[in-house]
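What follows is a group of structures, each given as structure tokens.
Two complexes are shown next, each including chain A; its partner changes from chain B in the first to chain C in the second.
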Partner chain A sequence: MSTRLRGRPELYTSYGQEMSLLNTRAKALGVLAILAVAVYLPMGMEDDLLRVLNTGLVFAIGAIGLNLLTGYAGQVSLGHAFFIGVGAYTAAALSGDPDGRYIGFGITNPLIWVPAAGLVAAACGLLIAPLATRLRGLYLAIVTLGLVFIGQYFFIEWRSLSGGAQVGREAATPILFGADLTRAGAFSEEQKLFWFFLVLLVIFAVLARNIARSKIGRAFAAIRDRDIAAGVMGVELSRYKLIAFGLSSFYAGVAGSLMFVASGTLGPEQFGLLLSVQFIAMVLIGGVATISGAIMGAMLIAMLPRIASELPHYLPFLSRSPIDSPNIFEFELIAYGALIVAFLLFEPRGLFGIWLRIRTYWKSFPFSY
Partner chain B sequence: MTETSLPDIGPGADHAASSAPVLTFEDVHLSFGQVRAINGVSLEVRADELFAIIGPNGAGKTSIFNVLSGVYRPQRGSVHLHGTDLLGKKPPAIAKLGVARTFQNIELFSNLTVLDNLMLGRHQHIGYGTFAAMAWLGRARAEELRHRRVVEEIVDFLELEQWRKLPVGMLPYGVQKRVELGRALAMDPKLLLLDEPVAGMNLEETEDMARFIIDIREDLHVPMIMVEHDMGLVMDLADRVLVVDFGTPIATGTPDEVQRNPEVIRAYLGGESEEETS
Partner chain C sequence: MNEFLTATGQGMGNGAVYALLALGFVIIYKSMSVISFAQPAFMMSGAVLVSHLTGRIGFVAAVVVGTIAIALVALVVERVAIRPMVGKAVFVIAIITIGIDIVVRTVAGAFVGVNQLLLGDPWGLKVVTVGGVQLQERHIAAILAAAVVVTVLFLFFRYTRIGLAMRAASLDQEAAMAQGVSIGTVFAVSWALAGGLAALAGVFAASGNAFDQSLWMVALVALPVIILGGLDSLGGAVLGGLIIGIVESVVRTYHSTWFPFLDTNTGGIAPYIVMLLVLLVRPHGLFGTKEVERV
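== the complex of A and B ==
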């Protein structure tokens, strides 16, 4: 078919080459290297650090979903926590003990409850979407904010599903090919979960990237940038907003189903506004309308509690106890806001933008222009 | 609407006098509260014709375009494209019927590259769904490649090669106008609406744009309606001209007729019958 010339990474001899995801040798090698490191990482890492990364991997799936809706399609949603909750409870109910205290169907295979959680959340998203497609900007943000409170009310009151406030229920159990991923065997729980989450993240990241470079992704961007012009170009606004909501809530559902697997329990309080804000922070910090940015942002936000807990070593005035002030929990909350503000002011393209700068610097080295 | 001698300067003027009209726009009335934006305008565009609409600022020229592309809905009148009623249809449906347009103040998707903007013009012609897009390999990839080739022809036609992969927000104004024209062409239009294609351009850019408009007529045979303030361009290119003032039609005819019309001279060209612009 078509050939590549050595030493001319940006010379393409066919449109297919240019269109492919890893369209330069550097990108292909880089991604391969990152994947290789990621696969071997669990072997040489302490379990408690691995647990932080596991959270990051799951957050990343959710953040990619929010980025499809908010970053690519420009629909600001504060309701992400609701869809994550729907996914979490769907998975917990499906895999729950049929004879237990709460709703359970005993389907412990994650290959079933992960997509099911995504689909139920997507169905909720599609139900909400017709309301949301009539609104935009701030109004949409307010409506989706309302969704979080309505959702939380349902989660708290539906005791046979959620166990109720302050009680909670057991999270989904992943038993894959007869092996319980949450029980230590030849490999520890954290290691097994890491690999499982990594595979899922890679799959969902590639799917999202495909969406982004397709007709659908372009339609999203058109709606975001100029919705009237998009309509005149033949883009059906409500249809694509519907797709954006469906996809985003599917990703949220998947992330929700996995989010509490490591801790083993979930309570209805966890699906509050803070969770939504965390996801907004991941998208803004990572980089709006980029998949790799969403992953970077998710990793950073997942590491924030850990960073906060290390801080008292260096900043003795920070306390580890929630009773004293200032303590690390207050620091964490302030850090979300401060990071969002700082990135919006100084690097609106997020971590992805910082990466672009580094890359451009080395590409044009030693010339600074 | 008399059918007298066509201006000999207009290239391709010989196609203009063909039979069934592409677009009929009859007695359209549009008002916003007490403001009458369009007050009984009628026009007819024939195959291969370049129809120009001129008039002072606020005369309702862009409103006519907005009615045509479905953004505004008039209170009265009828609009037909090749016999299909356009009134009451939403903008995407009208786009599907083949009405493409450019905007007075550039409405490009400024974060996207030139190529992506042009591919958005192809949007309605690309036929694959969300799941095919997710899988990418197979249908979606084949379609993208096919339409990419079409888009590259437009890139070639409008001489946009060097800007292909740049986000359009970074491009010079004149080039952005050209990309917008390209995006409209990518829709494979049956009727092309050009809203002030050379507004704010320098002489060289204006000449370039005029050349592209001529090429579109000669090579692609797309009928066009052009709203423009540059009288030189209108009088040189247009087959027929409609003059509107405060939403009311004043005259329709060839550029020569319109320039001689005393009503037009009074309302638009200003003052007594001084020397005409050209």
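== the complex of A and C ==
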């Protein structure tokens, strides 16, 4: 049945063939090449650049989660920061020192605290979902925005967990198979964390891609495109919205548990509206309803602070000090906003759309269509 | 009792600010069914602009110039970033307004810097005591200003050509176009109105104490207000603003009596809790139109 003809990469003879993850030879080779480069990257890169990429890998997991909810299922959420916070505090509490100042259980194995952080965040997501599934569109955006404020209040208030405002607590420590990933040994901290995050990102990206091309993903797309039509066709709206919320919160929790591993501390101020907007920006800049797009967007947003800090070399009027104005931090914020607006106006499919355009150009070369 | 009345008066003062902001949200929502998240930025830039102008041309003139200037900024924003997106999904436009908000707010914030700014308003923290109830002058001023604005808006929507056109367009866009209403003008005027209202709200929100870059957070309280009042009801925005303002202020005053086990004041999140309750019980708010789905 599913034979392939040589030299006809676009000819599919079965549905399964077309829907497979790596449906063309070029894609299979490309993914392999990217993975090989990614695995080798820490060997040939400076640690400070690697730290930026590490942030990007963690952001990517969170962005994939938001993309499942906002991109695939079409439910705009500004509350991602709250679920990231839940994940971060769950992980920090699980791996914290039992005799320390804050809640801690001493479970330092990330194979336990990463899924646990995801599950607790997912449970919070499911708690809120019944309210959220009753609402659509902009109402949902406003509710989730309120969630960020209420969540931040509880993070600040619960001092034995979070340390309180302006104080913070230590983040989760990853001790995998007896080796502390945040201590330099045979490999540096950044290298070990990079490989660890990379493995997790690949697992979660493939998982999300599989969800997106399964029954659940098709139901999400139907709800996004026209929820009434989807309901008429027999898609259970509230059930699938619940699933979308749970999944997205799970990813957010996982991302949250990893986000502060490198820096070692976290404070309740970090889970504000800006973090949510950053994740929205990642999804929109990368490409709505694409996994690879979410990863690209996350990488770009993670690199922005680094790009901004390099800019004063070229633009001498930009200051590095937050006291002067214009400074690099203002530039960074304006870049978020301007990128969101520019991509939505000129390239709604995001970075992934740009890639598609390049690909189509070469695929149909020398013809323009 | 006096404590309660004082809190209520303060809440009404804050509520007037929320009402002005909420009116802007509602006017934009009525004209293009989009919630503009750019209002906080317009509000903050209004306050910043007025505080920079006051020293040169006096407070009243600064408020007038600042309001008109921010209305013009909103007009430009609508023309450049929003108009090309008309007809696209509303949440896309809403997210564009988030992007605009960040840009405008950061630019306005650059003029604040790390210091605090003084608005230069004539009221300061002066207090009038009426029968044991303390009222801040700036709150009285805010309530009066809101009353004037609401009256003017009412007359505007009732008697002017463009006001009538805006009401017609919000009722049925295509029918209004068939009658010769220019929808582009309606969009432009609604954004300008919303920008001006936000700037005016910013002036009263920033009056009294010195203000810093976190001033914009005040504008987000307008979101619970429009949920409570109804997304498409101007009257709802005013009443909702006052209710939310009073609830917030009363909870803030009685926090230590009601919630002795919580250290952080709950006044700040009270509006959002009210919002969640309203959405559970009556999603379309007090005066909003119930959403009817037609296939």
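Here is the rule we go by: the second predicted complex is superposed on the first by the 364 of 369 C-alpha atoms of A that agree within 3 Å, B and C clash if a C-alpha of one lies under 4 Å from a C-alpha of the other, contacts with A are read in each partner's own complex, and residues count from 1 in each chain.
Here is the rule we use: a contact is a pair of C-beta atoms (placed from the backbone, for glycine too) under 8 Å apart; a residue touches a chain by one contact, two chains touch by 3 or more.
Remember, predicted model here, so these are calculated numbers, not experimental data.
Partners chain B and chain C, once the complexes are superposed on chain A, both fit on it without clashing. In the superposition on chain A, contact of A:Gly264 is made with neither chain B nor chain C. Of the two partner chains, chain C is the only one touched by A:Leu145; chain B is not. Within the superposed three-chain model, A:Gly100 lies out of touch with both chain B and chain C [touch as defined at top].
Once chain A of one complex is fitted onto chain A of the other, the partner contacts of A:Ile228 extend to both chain B and chain C.
Counting the residues of chain A touched by each of chain B and chain C gives the higher count for C. By the touch criterion stated above, A:Pro348 is placed in contact with chain C alone, chain B being left untouched. Geometry note, superposition on chain A: angle between chain B and chain C about the Cα centre of chain A is 80 degrees, to the nearest 10.
Contacts of A:Val76 after superposition: chain C is touched, whereas chain B is not reached.
For the pair chain B and chain C, the least inter-chain C-alpha distance in the overlaid model is 8 Å. Judged by the document's definition of touching, chain A residues 228-229, 232 lie at the interface with chain B and also at the interface with chain C. Contact residues on chain A toward chain C in their complex (touch as defined above): 76, 131, 134-135, 137-139, 141-143, 145-146, 149-150, 153, 156-157, 159, 165, 228-229, 232, 277, 280-281, 284, 322-323, 325-326, 330, 333-334, 336-341, 344-345, 348. Here chain C touches chain A in the complex through residues 34-35, 81, 84-85, 90-92, 94-96, 98-103, 106-107, 109-111, 113-114, 220, 223-224, 227, 262-264, 266, 268-269, 272-273, 275-276, 279-280, 283, 293, 295, going by the rule given at the top.
On chain A, the positions that touch chain B within their shared complex are 15-16, 19, 207, 210-211, 213-219, 221-222, 225-226, 228-237, 243, 247, 289. Those residues of chain B that touch chain A in the shared complex are 69-71, 90-92, 94-96, 101, 103, 107-112, 116, 119-121, 123-124, 126, 128, 130, 133-136, 140-141, 143-145, 148-149, 152, 183, 187.
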